[in-house]
Amino acid sequence: MATVPLATDETAGAQALAVFADIRAKRDTDYVNNFWRALASDPALLKATWERLQAVMAPGALDPLVKEMVYLAVSVANNCSYCIHSHTAAARARGMSEAQHGELLAVIAMASQTNALATAMQVEVDERFKIS
Amino acid sequence: MATVPLATDETAGAQALAVFADIRAKRDTDYVNNFWRALASDPALLKATWERLQAVMAPGALDPLVKEMVYLAVSVANNCSYCIHSHTAAARARGMSEAQHGELLAVIAMASQTNALATAMQVEVDERFKIS
Amino acid sequence: MATVPLATDETAGAQALAVFADIRAKRDTDYVNNFWRALASDPALLKATWERLQAVMAPGALDPLVKEMVYLAVSVANNCSYCIHSHTAAARARGMSEAQHGELLAVIAMASQTNALATAMQVEVDERFKIS
Amino acid sequence: MATVPLATDETAGAQALAVFADIRAKRDTDYVNNFWRALASDPALLKATWERLQAVMAPGALDPLVKEMVYLAVSVANNCSYCIHSHTAAARARGMSEAQHGELLAVIAMASQTNALATAMQVEVDERFKIS
Amino acid sequence: MATVPLATDETAGAQALAVFADIRAKRDTDYVNNFWRALASDPALLKATWERLQAVMAPGALDPLVKEMVYLAVSVANNCSYCIHSHTAAARARGMSEAQHGELLAVIAMASQTNALATAMQVEVDERFKIS
Amino acid sequence: MATVPLATDETAGAQALAVFADIRAKRDTDYVNNFWRALASDPALLKATWERLQAVMAPGALDPLVKEMVYLAVSVANNCSYCIHSHTAAARARGMSEAQHGELLAVIAMASQTNALATAMQVEVDERFKIS
């Protein structure tokens, strides 16, 4: 039911196949998931997205599991069903426990609730929250 | 410009003042920020929100700074200006460095972008992302 | 700070002035609020929006106050600052009490929270909730 | 396709079963819907959500059907498919007629449209809509 | 799984059938898609929506394909699955090429990303972007 | 009121200044707008965003004004105030007429309305809208 065809290894062009090969090598798996197969309709967009994703999700000042949980939280708030499934799986693969998942959901729910209240009341920002 | 009055210590009722006192004690500060003063229009909602917030944000399987960053990420995706300001300040107070803030924003931006792409292409969820 | 000019009674064209006159007559006030003055940049859009609004908000199977509260709830969920202010004022003008306002906000907050949870968990719809 | 397992009466723990028993008693039905079965992965979150829901949705200054319709309107604006199905069913169970449903949808559509217009034009809030 | 019944040519009332006839005539096809069949539950809403759609999407200062692509972009940002499918099909029917589709998705992704960043940083509007 | 400092030409580091210089050269203006000055807190994010923006917005299968209008439409749907102001200005600078702006807003409003209706009714996608 996608709005673009999912490229197979047979139908993908050379540029897309090069990205698929890189995904396989970096992730140490033969599996290329549907998101990348759909993006292959536009090889330039596929390549730019894959490269940027690696740069952003690499270990840095935040550890990769924290990044995955933030990614999942944003995907929930943006209501992206595919992304919620894939990043829940990715966070679990990086070690997210059931207890951590539960607390993550509780924080997302709490934020959604107070976001709605602050917006509904149009609360003005306290001076002390502004940076000088 | 709020749509409800902000209760001062003079105008707040007894129930709201009890919550204000608890906020002051738990946070070890005399300052009660505008969100709570706005919620004081409905003391039952104020009390329920404050109590739930403490339960959710307490240290547990996730550390409090991670929880604050997730809260901030959700607030950005939900576009709550007040919440973005207050939770950026809260994350900084809990030790978020400039480098961590930068990486957090990069993850939020990346997720927003791939959320939009997966949604636009209506990518179907891979079987392997489904739990059995 | 609007992105279009606000038409005054002097700068508005004949078509827009006719709508302004109708707003004044129907609402029994000389005041035309900024939303309509901004829409006057496109008189056809102004006229279509004003006429449709009257049809939708007229008393019917739902009473006008309930309609205003639903309008406000949607405006909060969509995060439209102007709309939250104007429809909070409109609901008050139609008799919304402080207690009703508080309960309305509590329902909005509750829905926002369970919406996020159901989305995060990608809960499947129960058969019994589907119409036959 | 949920991202968490749905607890059955056999797999749920004691805390979750106590909430299920309360849901059954309060709703006078043996049926526990999927949302609660999914939340059972985190019994504390399940209990807090169920208790808060009852407090918020109880008859008060607003009648229960109005609350259900507001809940549904927020769920539509937040695009929560599960919630739209379950709260449409709940509103019907509380007596929402076909005509009321139609008017509710018309108000939601109208609000979504003027929300977008006011946002696109960045209309400034009229002084008279601000509370003093 | 719709929350309202889809009217067939047998179950639709006279008002809805008149709109169906107009859809068939204007689009030169016998096919009436599910959106209109669902809206037939409320014939007044059906008629108002169909008439307004024709006025808005008619050729004018913007050409119809551009309008379809804007419609699709908004549907993606609002995460309306039905609308994404139907307006991707409609844009293709109006001549959108694969290359144009790819660029459209790239712009939507770029905007989603910078929208999130500008919101997260709460960037203030430059004076020069304000109209005088 | 931004949550990060806006870098001036004096406080920006070498990497950020190099991007500022490129912005000035490519846009043939000395002015660097606040979005880029805010992003300078994270020079890697600044550089990646600026480079990607140029690639995406370059003339291609879609003309630059169409891209700007799509960008604006997404920014409205995502409710990004800064982005709405800056991309309305950018679209005007690329020649968007008042009539085109009006039609763009009308399409955005129409889409927002039918998005809400299709979501509220949970309309199932017609077989013919699915690609084979």
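By written order: A, B, C, D, E and F. Residues from 1 in each chain.
The criterion applied here is as follows: a residue touches a chain if its C-beta (ideal position, glycine included) is under 8 Å from a C-beta of that chain, and two chains touch if they have at least 3 such contacts.
None of these values were measured; they are calculated from a predicted model.
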Partner chains shared by chain C and chain E (touch criterion as defined above): A, B, D, F
More contacts between chains, B-F or D-F: D-F
Identity of the chain that, by mean CA position, is farthest from chain D: F
Between chain D and chain C, distance of the C-alpha-averaged centres to the nearest whole Å: 20
Distance from the mean Cα position of chain C to that of chain B, given in whole angstrom: 27
Contacts with two or more other chains, residues of chain E listed in rising order: 1-4, 44-45, 49, 52, 74, 76-81, 84-85, 88, 102, 105-106, 108-117, 119-122, 125, 130
Parts of chain C lying in touch with chain D, wherever the complex brings them together: 1-4, 31, 33-35, 38-39, 45, 49, 52-53, 56-57, 60-62, 66-67, 69-71, 73-78, 80-83, 85-89, 97, 99-100, 102-104, 106-126, 128-130
Chain F-facing residues of chain C, complex: 1, 3-4, 41-42, 44-45, 49, 74, 78-80
Residue numbers on chain C that touch chain B, as the complex places them: 79, 84-85, 88, 98, 101-102, 105-106, 109, 116
Chain D - residues contacting chain F, complex: 72, 76-77, 79, 81, 84-85, 105, 108-117, 119-122
For the chain D and chain B complex, residues of the former touching the latter: 1-5, 44, 48, 52, 55, 125, 130-131
